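Before I ask anything, let me first share the structure, which is written out below as structure tokens.
For clarity, chains are labelled A, B, C and D in written order, and residue numbers in each chain start from 1.
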Amino acid sequence: MTVAIIAMAVLGAVLGLILAYASKKFHVETDPRVDQVLEALPGANCGACGYPGCSAYAEAVVLKGAPINMCIPGATGSAMAIGKIMGVEATATEPRFAMVSCNGDGVAQRFEYQGVKTCNAASVMGLAGAFQNCPYGCLGLGSCAKACPFGAIRMGEDNLPYVDENLCTGCGKCAEVCPRKLPKVGPESRVIFVRCNNKDRGALANKTCNHACIGCGKCERECPFDAIHVINNLAVIDYDKCKLCGKCVNVCPKNLIINVRAERKARKTAREEKAAEETA
Amino acid sequence: MKEYLTIMFGLVFVQNFILSQFLGLCPFIGVSKNRSSALGMGMAVIFVMVLASVSTMALYKGVFLNETLIKYEMDKYLDIVSFILMIAALVQFVEIAMKKMAPALYQTLGIFLPLITTNCAILGATQMNVVKFSGLGFAESLIKSALLGVAGGIGFTLALFLMAGIRERLENAPLPESMKGVPIAFIAASGMALAFLGFQGII
Amino acid sequence: MSGAFRGGTHPHDFKEFSRAAAIANAPVPDELVVPAVQHIGAPAKICVKVGDIVKRGQVIAEAGGFVSAAVHSPVSGKVKRLDKTAHPMGMTVDAVILENDHNDEWAEGLNTEPIDWTTLTAEEMKKRISAAGLVGMGGATFPTHVKLSPPPEKKIEAVILNGVECEPFLTADDRLMRESPKTIVEGLRIVMKIVNAPRGIIGIEENKPEAIASMQQAVSGINDIEVKPLPVMYPQGAEKQLIFACLGKEVPSGGLPMDAGAVVQNVGTANAIYEAVVLNRPLTERITSVTGPGIERPGNYRVRLGTPAKVLLDLCGFKKGLTKKLIYGGPMMGAAHYDETVPVNKGMSGILALTEANEDDYRDCIRCGRCVDGCPAGLIPSEISILCERVKYLDTPSVNVLDCIECGVCTYVCPARRPIVQWIKVAKSMLAAERARQQMKAKQEQEKKAAKA
Amino acid sequence: MSPLTHFIVSTPPHIKSEQNINSIMRWVCLALAPAFCVSLYSFGWYALFVTAVCVGACIATEAICQRLRHVPVTINDFSAVVTGLLLAAVIPPNVDWWVAAVGGIFAIAVGKHCFGGLGNNIWNPALLARAFLQVAVASQMNSGAWGKLAQGTDGWTKLGHTLHGAFDQLANTPDAVTGATAMAQISRPVAETKDFVMQNIPGYWQLVKDSFWGYEGGSIAEVSAVMLLLGGLLLLWKKIITWEIPVMYLGTVALLGWICPAPYLYQGETLYTPLFSGPVLLHLVGGGVMIGAFFMATDMVTTPMTKTGRIIFGIGCGVITIMIRVYSSAYPEGVCYSILLMNTCVPLIDAWTKPKKFGQHAAASANHAGK
């Protein structure tokens, strides 16, 4: 027994000495904060921060001094945690989510489409434009819903995507895959929203879709803050100037400028009513 | 000569550490996602396996079976413990050295390098040495255990590399959700083991 | 030189529909829709106003840049309005709508008596070609004068005329070669003089014996021009494959024909070159096949550019109810369209009505390797398709997606019916978008840096 | 909403070749039919019953798996039928019916659908199932020694037992008939003189002839080399398969079979034939080489995509087959394992035999000249 103990002790000591020497000789500096930052991130690897993944972003924060509030899914929580690790004051980031700038009455099909059922494939050259009338509107094949890493987008019965604001983190993956860039990511304070993307002149737009922006300019004239302009035949809101008065919402003849909050409320009440009906 | 060939062919194909003895499955599943890291891991295993084989054999023959120490019969009960210690130290050494000298390789192998420590294939190889070669002369046993290390390591690398090819292909396959990742890797490993059964009985 | 390239496939050629029909003049309608975009490159700029009186051959849209081509009025008449029209490739483009006065008066100085072109210099001839708005008439519609302006350090070894017409169904080039071989040969000699090439080769697929005989007769006595019958194999008429078949040389990946010492022109273009240089006639008409099982009386027509396809279809007995697919161009690379009123443009070699469509659903790739064996570009289309199916578009350059010539062989042979070409098109457009994004990012960063400094 | 026009729009090409998965699978079935006819003649109705069980199990499993995975059910494409037929072809005709069923279920569920269904499997499902059965029910798989004489006896008896729910009786049913299959004879033929010359042993030609026409024992559809050859030629003629794999496989087997010393028994002692005088013909017509070369190794999904790759694949199969036949003491036959082993290597072969893209060479030389 003693021999065994002695033998193991000697062996251990010799090997330990070798390792001690090696660790001295081959010493490499690492920053323990990289792992800590990685811990603080949600780990969705969505790439919304602009880095190829959470670990790359963590490394960038610690080693290259990247901003700490880039993580969109993690939002304020992540930023605060990273701030603590890095010893930087974190400013709260406003939650962001995507909204779809098409209200989709232009989906009259021009022809039967055959081929790959993704929006990008359907909008490729040589396919006679798109298979529906509006060349700016939603194609309705649901690439955004498939691309959403958080399952926040659902295709409605009208073949338009609907974003669940509670699940959406504003990472922008949907906008990235949409060939027409219809989902627009913005902060929660973006209350007034133009739900159309049609840049054709009025007459043409009118022909393709009943609810297309015809660039009539009523909203522009009505706006007391010079916050809405018709650019390329399409109403565009300058959110720096918008004071949420809602006048444009009221005057739009096509009802495509909406008050997001009011919409949501209306939807909720409708849902509640329905639920109440069902229970009754 | 025939003996050496038998060791080589036997350990690479017939008695492959992974596919026929089911040793070293952890790195086999863990590091077989792409070919380059599989090759790196395989090289690391060959390297460590040779070192471990030779050093433990030397320890075994030189210390445990030493004329003066043999009466303590340490070879009867101390081999596994001391071999693990030896291998652990070796792997630590390789890891430290690799971190300094080949950081890219270190990045790809990541967590799996320390896993070689507890890689049963390595311990298995050292045990196999003891069982097979302890009756030989000092020099001969060292040479044969080194060969066993090389052959076992090559067999390991072969299995790992083939697996990496398969998993690269499966990467883009529409696998059922429940099969993604490790489950399909194990099924693929079983398929490989079934295929490798074909070498059975050749030696 | 066996005249074969690697890969390829052999679809049934369906030429029997229209090969017997001699070229006829199509009726000129009362109203023509002339698109400003009939070529690859910058769109032409419309230079007429509503109400302007135009003569045939008068420029109605000027070239929008070096790689661009002018558009001429195909008839004499009045500009009715400026509007948009559908392009075969699916875009909506600007167009001039003309009211035909049926006088067919040529503008001044055009359509002159034949001149002796050998007295002209290369530059003069090139100017005439450029002024005539010539583009490649095989379908690619690349401006001809650009193709005829190789940098001086590139030595052109041979001019190859593309009479292959490997697309099934189409017979326009076949008929043209049978009916007016002399003008084609003259066109070829003009091109040879322009690019200073010692040899001319006319490549024709062996399934057109009459065209081969007719061309051979036309070149008899001319030593530096050779008619080369080529084995029937799709895509024999693809530019790089044709050069390989004729010269035994590969055009470097990412390079142009001139890198292999060749200039390739379609036979239709050669004919147009002759007309432009010798007769001073701008491009106002082309030969188009109207064919397919959905057409009662298939034929080959000399059509004024801007004639709505419907005019031709009605002329030939279009079985609209039976037709499942309307295609502008050939069945392998042409564009299917929903609109039968698309005007004929400079690149429209055929109007095709198919009564059968392919199955719509596709399966997982079964790795049979038929696409790999067939790909004339030496790619692995199955791998590209698998990557694209998993939406890994940005990984596709590693499988050489940018070398794809979109000939459609892979999709034609695929037993799993996978729309590989569509995926490749998507991948290419996604890569282009990504490149643009990168460039923009780089530009922005540069600006930021400049602003800081 | 119905479209404004009835025209269909898609990307080109607008015409497609006649071959699709369905037609390919049907041709393969047709090509296998003659071999099964001979096996029916040779082994009797029970062999047909086992075949039916295999095919039925495969189809049912395919349908269930696809239902479970929420993908379209595609049993009418005949791919499951082909798997079932190929599995039946390589198992002995006298196995219990449940062995065939388990094989079929394993082939489709594990061999195919775990990997994502048709087109994504790594190994030939039928061969994987056979290898699985070889491990799981070795005694059943190794008694593949049924000649014409034994037809109609034991298999039906066993079936009778099992159908009456008497599974325990199975253990008592003796695996009565054992005899040498052609393959076992290749592996260890018995010679009467010590100086072995294949052609001189009594019955060698008889053995070759019987194996060729199909009077020898073996697995269900391995028996008749000539029918398999006919089926294979049909597939080649219809361009369902390409020449590379069968030709390279058979060529390699013939060449190595000729070179390698084959073991034989002489008065209980194992001797080897001299170099360059192996039993080539027996190697070619005996055992599963024919079905392997034409039907198993040419399975599109599990073989390389490039021509060079297929050549390598065929040679590899041949080498491993001969290696197992000549040197293995565990198995008399190596076709199944050789193909499975080469299947394992396919991803690597594919990665290493990528075709040169058009103009790559020219581009490289241009760069070179530029430098």
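In the analysis below, a contact is a pair of C-beta atoms (placed from the backbone, for glycine too) under 8 Å apart; a residue touches a chain by one contact, two chains touch by 3 or more.
Everything quoted here is computed from the prediction, not taken from an experiment.
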| item | value |
| --- | --- |
| Pair joined by more contacting C-beta pairs (B-D or A-B) | B-D |
| Separation of mean Cα positions, chain D and chain B [Å, integer] | 34 |
| Whole-Å separation of chain centres (CA-atom averages), chain A against chain B | 47 |
| Inter-chain centre distance, chain A versus chain D - centres from mean C-alpha coordinates, in Å | 52 |
| Centre-of-Cα separation between chain C and chain A, whole angstrom | 42 |
| Junction residues of chain D, two or more chains touched | 3-12, 116-117, 120 |
| Sites on chain A at which at least two other chains make contact | 110-111, 114-115, 124, 126-128, 131 |
| For chain B, residues that touch 2 or more chains besides their own | 174 |
| Chain-level touch network, classified as line, ring, star, complete or other | complete |
| Complex contacts: residues of chain C adjacent to chain A | 84, 86, 89-92, 335-339, 357-358, 360, 389, 391, 419, 422-423, 425-426, 429-430 |
| Footprint of chain B on chain C - complex, ascending | 364, 386-387, 389-390, 392 |
| Parts of chain D lying in touch with chain C, wherever the complex brings them together | 3-17, 19-21, 23-24, 72, 74, 77, 116-120, 242, 300-307, 310, 354-363, 366 |
| Residues on chain D engaged by chain B in the complex (per definition of touch) | 69, 110-111, 113-117, 120, 122-123, 128, 131-132, 134-135, 320, 323-324, 327-331, 334, 336-338, 340-341, 343-348, 350-351 |
| For the chain A and chain D complex, residues of the former touching the latter | 107-115, 124, 126-128, 131, 133 |
